[in-house]
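Okay, got some structures for you below.
In what comes next, chain A is part of two complexes: it sits with chain B in the first one and with chain C in the second one.
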Partner chain A sequence: MTDRSTATVDQGSNGVPEDPWTPFRDQLLAEGLLVPTGVDGLYGRSGTYESVADAMDRLVLRVGADQAASSVRFPPVMPWATFERNGYLESFPDQMGSVHTFRGDERDHAELLRRTEAGEDRGTLLETTDMVLCPAVCHPLYPTMGGVLPDGGRRVEVYGYCFRHEPSTDPFRMQAFRQHDYVYLGTPDGARHHRDLWLERGLEVLSGLGLEVASVVANDPFFGRPGRMLAANQRNEELKYEIVTPVYATQRQTAISSSNCHLDHFGSPFGIETPDGEVAHTSCFGFGVDRITLALLHRHGPDPDGWPAGVRTQLWP
Partner chain B sequence: MTDRSTATVDQGSNGVPEDPWTPFRDQLLAEGLLVPTGVDGLYGRSGTYESVADAMDRLVLRVGADQAASSVRFPPVMPWATFERNGYLESFPDQMGSVHTFRGDERDHAELLRRTEAGEDRGTLLETTDMVLCPAVCHPLYPTMGGVLPDGGRRVEVYGYCFRHEPSTDPFRMQAFRQHDYVYLGTPDGARHHRDLWLERGLEVLSGLGLEVASVVANDPFFGRPGRMLAANQRNEELKYEIVTPVYATQRQTAISSSNCHLDHFGSPFGIETPDGEVAHTSCFGFGVDRITLALLHRHGPDPDGWPAGVRTQLWP
Partner chain C sequence: MDETIRDVLTEHGRLAVDAGSIDESTDLFASGMTSHASVNVMLALEDAFDIEFSEKMLRKSTFESIAAIRAGVLEMKDA
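And then the complex of A and B:
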């Protein structure tokens, strides 16, 4: 889920150019909905913020109740091997959160303390582990799905934390955020159908919450020159759609959900097959729970008790 | 929350020494409660497993409803600065999950891909960020609490993911796990009282779930030779208690909750003060939600529908 719109730069009241999100961010911090940690894109969230995120999570489950989907939850870190094999290392290296640790002795430890005290680089004293922060909530699922799928494919719902290294003061661009996905694994037609079904449902659910939404063809921010071709291809084949909503005084379009047709991108490396022996296709629809929470706070104000009755009934039936 | 008991090594049926947790782990995997990821201590969890963890989370909230605690949730990564300033880097460097990323160009990227393909070390091509995986759920809280506390101190409940780099096949020793804490910030007496109160409540809640529990003085696994002194001191001053329960055929004692008196360990570096200008003391009690879930599955069997009515009523009132 990404938003490639160009930020408009306004003049703040003190004459210094102001990011378009500054007033909204200031409000979130003043109301205590977000708690700053000192790292851009990393926040504590208040009980009120979380009550909206939790309500959204439960709404997603109600909306998907007819899907006979199995449920699985993964921790926020996943195997590096998955990251390497599913092509993420190749396409989005700059967004990674690789997990490193310390395996030295007391002498190395003393040097580590000295370097951090002196503000010197500690990187070379730390070693890689076999883990990486999970970049998309459905990624840990595919390696566990190897083998032959049942007739009609499989549907799985997954909820959890994702990490993308893209520090920003824009509250919509958190580095650690939550995504609630409905994943399909099966035939090419099934994958397209799943994507279309959920894109429609997503628009319905989100407009039912009083958000002005539209679906637009999109692309992921692939790395480097070869990435530009991959991005163009993704757009041409309409493999990725985002549901966007206008935020800030600039009406900047921000993605709050997205759908992806992966073709055989995951089926192939992880040996997922249809009953007739073809490589499985997969697709997923992801509700961006933190971005939706922020969009609701932006649209309806910082106090959910005062939100329109129709919106409250959807979230807290 | 740590368990320093020595594992007893049994002979498995095939004559190969078997870890005491192997039969339980095999059962969890066979029932699909845990889904292996290929990395020790990192699992997907089924809907059934999560229904117990969620019920435990809600039970903890009901038990603490009289505490007038505020709520905050932090993401699974926190600022490196917090990690450095709160002494964790000094005391537990070997458990860290430091977050590194890629900031190179296309040429570096090609080399990164070549090295991973060849199985060579990628570490030197990645750079440190200002983040680390959160080692204890209450750690991100303290830097946000700087300033003067109200009379009577503050109580905060925090729930979320922790990470400790200690790969193990013992399901009770996950690398990424969830902890639900009640934290107190205020006077030294208040901190002791909070600890005592919650240790008692914890024992009551957990024995009410049919678990055989006891509280024992404990210590954290401090690093290196100086660490041995710190650990001895922590025990002598009875700063840490764990609630333990016997698991496996060996009746091995495993910690499923813990309480800590931090003295001024967090108050001092983060400038937290009592109204009379003293450095605040803090204490916390943490329910180890994943370990409790596992202990319940171990004690009552893999199907929560079949658990004793009294246990079910506590979890799903």
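And then the complex of A and C:
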């Protein structure tokens, strides 16, 4: 989910420059598919929207039925300890959602209320906790996998909400969104094989839903100048692929799924080992469930009852 | 200059070998330097030599050996 391409800005009918996603966003809001909250990128979802997201969730499970994967669900909040050990703080500090609370006394509380009423900064009165919002659905998994893996590795299916602080009015760039991942933990070869297998499956599933898709080498939006070096390394080694689809205009490709080879990035800090004592490699494939739902609504229209029969059969067999 | 580069590598490179004595052509990434460690090496080199690596220098090969780092630092000093 790292599409950062800059879209062209057109003139709207009233002469004010209009973002390319404005008509689609307006339609989603008018149909009640997304419910605005007042914060960019944070929406409620209607029953119709959720029926598509749920169907996508079940479709992913059917596609992965042969994987003998265990399943786990984590809350969308995870320990800070995981966050600081898995490299996210080093690479994406600007996207974090730190969980804060209030630990002051009555006077501090009165001051907090005063500042809130006056619209002043409340930050200095709040304190950090030992939690952050989960930035990627598979991240809480790795600390639970420490120890020696069985022969053939382990496959785990994970689904849930993630948070990334990237406020945007583009409905495809939500701050809180869902990923449905198939994760592999095991040997380096196994991790590559898992990535390749699922990239192929992802393309098949998504094109089967009538979406025009392609896989492209991609990089994560690493922070700052040093991040450009990390991004270049990631691209050179082809560690990340995204499945993209054109939305708004054909020149703008939006990622709706991604696959990542992590090498020993998670195996090393969390003590995950193969049976022969090597540090485990991991990889994951993530279906961007909200982005796929949006892509389907964009492609086939706001009413799923009217979608092509072939698409409906895939989602609601 | 080489001594400063070796000091930076000792402090930030997280190498599995002694940065003070390795050959200048030794592959640092093959010697245990991770991508994240190379970022810290890059920032420390910028501080040590009062330079800023240009966009095109921000790639793995710039930091793959002591010789490569020296060439990169010299290029930036001349820029």
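Here is the rule we use: the second predicted complex is superposed on the first by the 314 of 317 C-alpha atoms of A that agree within 3 Å, B and C clash if a C-alpha of one lies under 4 Å from a C-alpha of the other, contacts with A are read in each partner's own complex, and residues count from 1 in each chain.
Here is the rule we go by: a contact is a pair of C-beta atoms (placed from the backbone, for glycine too) under 8 Å apart; a residue touches a chain by one contact, two chains touch by 3 or more.
Just so it is clear, the model here is predicted, and its values are computed rather than measured.
Contact with neither chain B nor chain C is seen for A:G267 once the two complexes are overlaid on the shared chain.
By the touch criterion defined above, A:P171 reaches neither chain B nor chain C. In the superposition on chain A, contact of A:G87 is made with chain C only, not with chain B.
In the superposition on chain A, A:G202 makes contact with neither chain B nor chain C.
For chain A, the partner touching the most residues, choosing from chain B and chain C, is B.
Once the two complexes are overlaid on the shared chain, A:R228 sits against chain C while remaining clear of chain B. When the two structures are aligned on the shared chain, A:N236 is found in touch with chain C, with no touch to chain B.
Using the contact criterion defined above for the overlaid structures, shared-chain residue A:G186 touches neither chain B nor chain C, since it reaches no partner. In the superposed model, A:G288 lies in contact with neither chain B nor chain C. Residues 90, 225 of chain A lie at the contact with chain B in one complex and at the contact with chain C in the other.
Interface residues of chain B facing chain A in the complex, by the touch rule stated above, are 35-39, 42-47, 50, 70-79, 81-82, 84, 89-90, 93-104, 106, 109, 112-113, 116, 121-124, 126-131, 133, 140-141, 143-144, 161, 163, 165, 174-177, 223-225. The residues of chain A lying in touch with chain C in their complex are 87, 90-91, 225-226, 228-230, 232-233, 236. For chain C in complex with chain A, the touching residues are 35-36, 38-39, 42-43, 53, 55, 58-60.
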